[in-house]
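Sharing a structure below in structure tokens format, with a few things to ask.
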């Protein structure tokens, strides 16, 4: 196998897949760090985002990228609503109760998607797109903008976290909630912001998965475990870590075919994760140890 | 509908509730008493089910098996195998706390699921193992179900008795001490790693038994049975709903969740026939909603952990540090 | 105490609900329709259930069964898992009081439901899509049938046809479940026995987002033809799309699971000129046409996966109920009698004719949309297959497979 083949057929698909995982993993890592529980409905929120974008695309006849903001805003609003209606009452309870509640939410979101949009595989644009060749690299346009958008969204988020007042408040909550509360940070606003960001990024990950493959009612649930692996791999609470983790998981899944029988592809993310937890429990970039 | 049909269905539900109660009981040892967030129940369930299936089923070409041992040997084997496989997993994973342990055990369970699904010589890969003998399986339908139910209840009762006794023994006190204040327990000279590993293995053995009971009841086991949703998350919901840290709660939780599961289908079947298929999607919504309602109004579970002694600091505060 | 009330309330609610559900109109004959409505094959189940309902609708419109009673399909969700399958089957048998069952859809659910519920209860099941060879070997007192041929038939037939048409080197990608594994292994052994070369043979997990590395690996063997054993509206679609987009292979051959309209709808017929799929058909291919017309008229899509076998299972059971006079225990024998290969031919939808012939005591032979369906000793059917290609109006027969 030549080097170019390795890049074209293993690395590039891995990076695209990894970017999709990364978008979801950032949301997971933020919820983990600020609210301190594993949010299991993240995958199904991504499905919801993808289907909302589908409704916009078919309804208005605009390209999926133009529908992306609508899907992100809608899903963010849904995430905030879910938090208000279901999670808020459980905040003072053991975290495990909220984890279970999020599992129930996952079922509810899936059910809504299946009732409204049915269960058939759909796609935004009919037909197939063949890749262009740039200096021997075979890349599709949509793959380029999947990665670019991911970097753009995450870059914006990091800038927000580093510079803005509310971004700093979020980081403070993540680092030391008691101290943050004492210094007068409005917990409710921070929680709401967290859900807006997590929901929006989730929708983006669903839309990009839909753009690159198909939209199915189970697509998000199937992505959940790799996304979690990515978040933990990168280090909990580290946005750039989640991106790195997503890319590593994506590339590793694709490369695994070279060394493992292909039916074990799904196991690759966990093998890496277990290994990482053993040698470096804080993740690739030093995250929290919860 | 005849009454006999309803009775039959009740028997069936009893068997399922019994099997899932065993899983919930196993999880209660790990989570409720030792505070170990094991999200890989499906893996131990699978090991138990397949071990017993291999030990008791007749010979079939192309896979391991043909030992045709009696069912109780298979069940004992299932417990031993699930407990043994928990040993290395626990050795490696128990050093992770809380959510990290959860993701690590999910990973291990997924790897077990893929092995079971792919290794033809061991488990007949995706086709699964059939013709597993069911004790009293030759009796007519109703009697056979009733007989199996009594075996399941016997197993469950025995496990409940042993677990309950153990919890009230010094071992149980020590486990709770470790869970609630690890530092203090360590200062008292307790071997925390060793105790945790014990709890992890005991819990896994019960899950293995649950798997074996399940395989023998269906006379077959296929990889579809070890999906994380039905074999891991469902058990978690049962324990949290029923009451973590309370063995009765674990059993009650299994019953309540199966009743919700069943009732939701009967409720959605009332929709007009055009919606027959949509009704099944709505059913998922109802299940999710019921879960929210119970968690909202009974967040500590239907039967909370009994407080022992005068004023034990609430478990809540201990877990919030996680 | 509060908790006890809570549990009691739940139990009471359950009883009330079951009592409500369990008050059937006495004249109806219920047949269970158990399918994987939720779970991994959620995309396939609705069309399969609709096809079975179509059969019942035709029966009811043409006079109903026995003394004009209606057949009612009781839909249950087997969720494609043993847990869901046994639960749905127990409900169907005990609460709905069904006479027989079409389904469950997934082999694991069939095995579990048969082993724990329907065999002990003596209820006949006819599965339209449980393809696992394990079902053949069940000790089932002759109560487990299927209208879909075991994977073995199709895998071997496809291998022989491809070899005869000049394909000598192919790669095989199959979904890692009983359906894919069974087909792929049968195909492989026959193709190699015929002197063909398998230049790549790999299973893949369901539901992943990318299969490009799998495809690259398969393509590295040097074959220009990819044989796909998967579902056309699930992972198979993703696989086919990524293979086409990246130009990994030139020709694509699918099993019956790939003969779905989803690839045409999503990828476009113009891109599928080198895509062929095998699918079961009857010797009298007008049976398939009759069904296609009827299902289209009812708003269904005849190219959806396993709809023909679902329809046949339902129609056959209706015939068997009529033949057996509504007697549950007589259904297996009646099933064999109405589709024995001898007697007056009955095509899909010809209920009135069949009913009259049965009343007159004459032998009938159902020619199904998915084949002639003459059950063998184990309750399996041999398959007759054709190879289809994508034409202007959906799938068209290219050649018959031997």
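Each chain gets a letter, A, B and C, in the order it is written, and its residues are counted from 1.
The definition used in the following text is that a contact is a pair of C-beta atoms (placed from the backbone, for glycine too) under 8 Å apart; a residue touches a chain by one contact, two chains touch by 3 or more.
None of the values given here were measured: they were computed from a predicted structure.
Peer 1: If you take the mean of the Cα atoms for each chain, which one ends up farthest from chain A?
Peer 2: Measuring from the centre of chain A, the most distant chain centre belongs to C.
Peer 1: Sort out for me whether B-C or A-B is joined by the greater number of C-beta contact pairs.
Peer 2: Per the contact counts, B-C leads.
Peer 1: What's the distance between the Cα centroids of chain A and chain C, rounded to whole Å?
Peer 2: 36
Peer 1: Quick one: report the Å distance separating chain B from chain C, using the average Cα coordinate of each chain.
Peer 2: Roughly 32 Å separates the two chain centres.
Peer 1: Mind pulling the residue numbers of chain C that touch at least two other chains?
Peer 2: 38, 45-46, 176, 203, 205
Peer 1: Residue numbers in chain A touching 2 or more other chains?
Peer 2: 114, 261, 263, 266
Peer 1: Where in chain B do residues touch at least two different other chains?
Peer 2: 114, 117-118, 281, 283-284, in rising order.
Peer 1: Provide the residue numbers of chain C that touch chain B in the complex, in ascending order.
Peer 2: Residue list for chain C touching chain B: 3, 6-7, 10-11, 13-14, 17-24, 37-39, 45-46, 49-50, 73, 75-77, 79-84, 86-87, 90-91, 93-97, 106-109, 111-112, 115-117, 120-122, 132-134, 137-139, 176-178, 180-182, 203, 205.
Peer 1: Taking the touch rule as given, give the residues of chain A at its contact with chain B in the complex, in rising order.
Peer 2: On the chain A side, the touching residues are 32, 36-38, 40, 86, 89-90, 92-97, 99-101, 103-108, 110-112, 114-115, 225, 228-229, 232, 261, 263-264, 266-267, 269-271, 273-274, 277-278, 281, 289-290.
Peer 1: Quick one: in the complex, what on chain C touches chain A?
Peer 2: On the chain C side, the touching residues are 38, 40, 42-43, 45-46, 176, 202-210, 212-217, 220, 233-234, 237-238, 241-242, 244-247, 262, 265-268, 270-271.
Peer 1: Show me the residue ranges of chain B that touch chain C in the complex, using the header's touch definition.
Peer 2: For this pair, the touching residues of chain B are 1-2, 5-6, 8-9, 12, 16, 114, 117-118, 124-128, 130-132, 134, 137, 140-141, 144-145, 214, 217-225, 227, 230, 252, 255-256, 259-263, 265-267, 269-270, 276-277, 279-281, 283-284, 298, 302-303.
Peer 1: For the complex, give me every residue of chain B touching chain A.
Peer 2: On the chain B side, the touching residues are 31, 37, 92-93, 95-100, 102-104, 106-108, 110-111, 114, 117-118, 228, 233, 236-237, 240-241, 244, 278, 281-285, 287-289, 291-292, 295-296, 299-300, 315-316, 319-320, 322.
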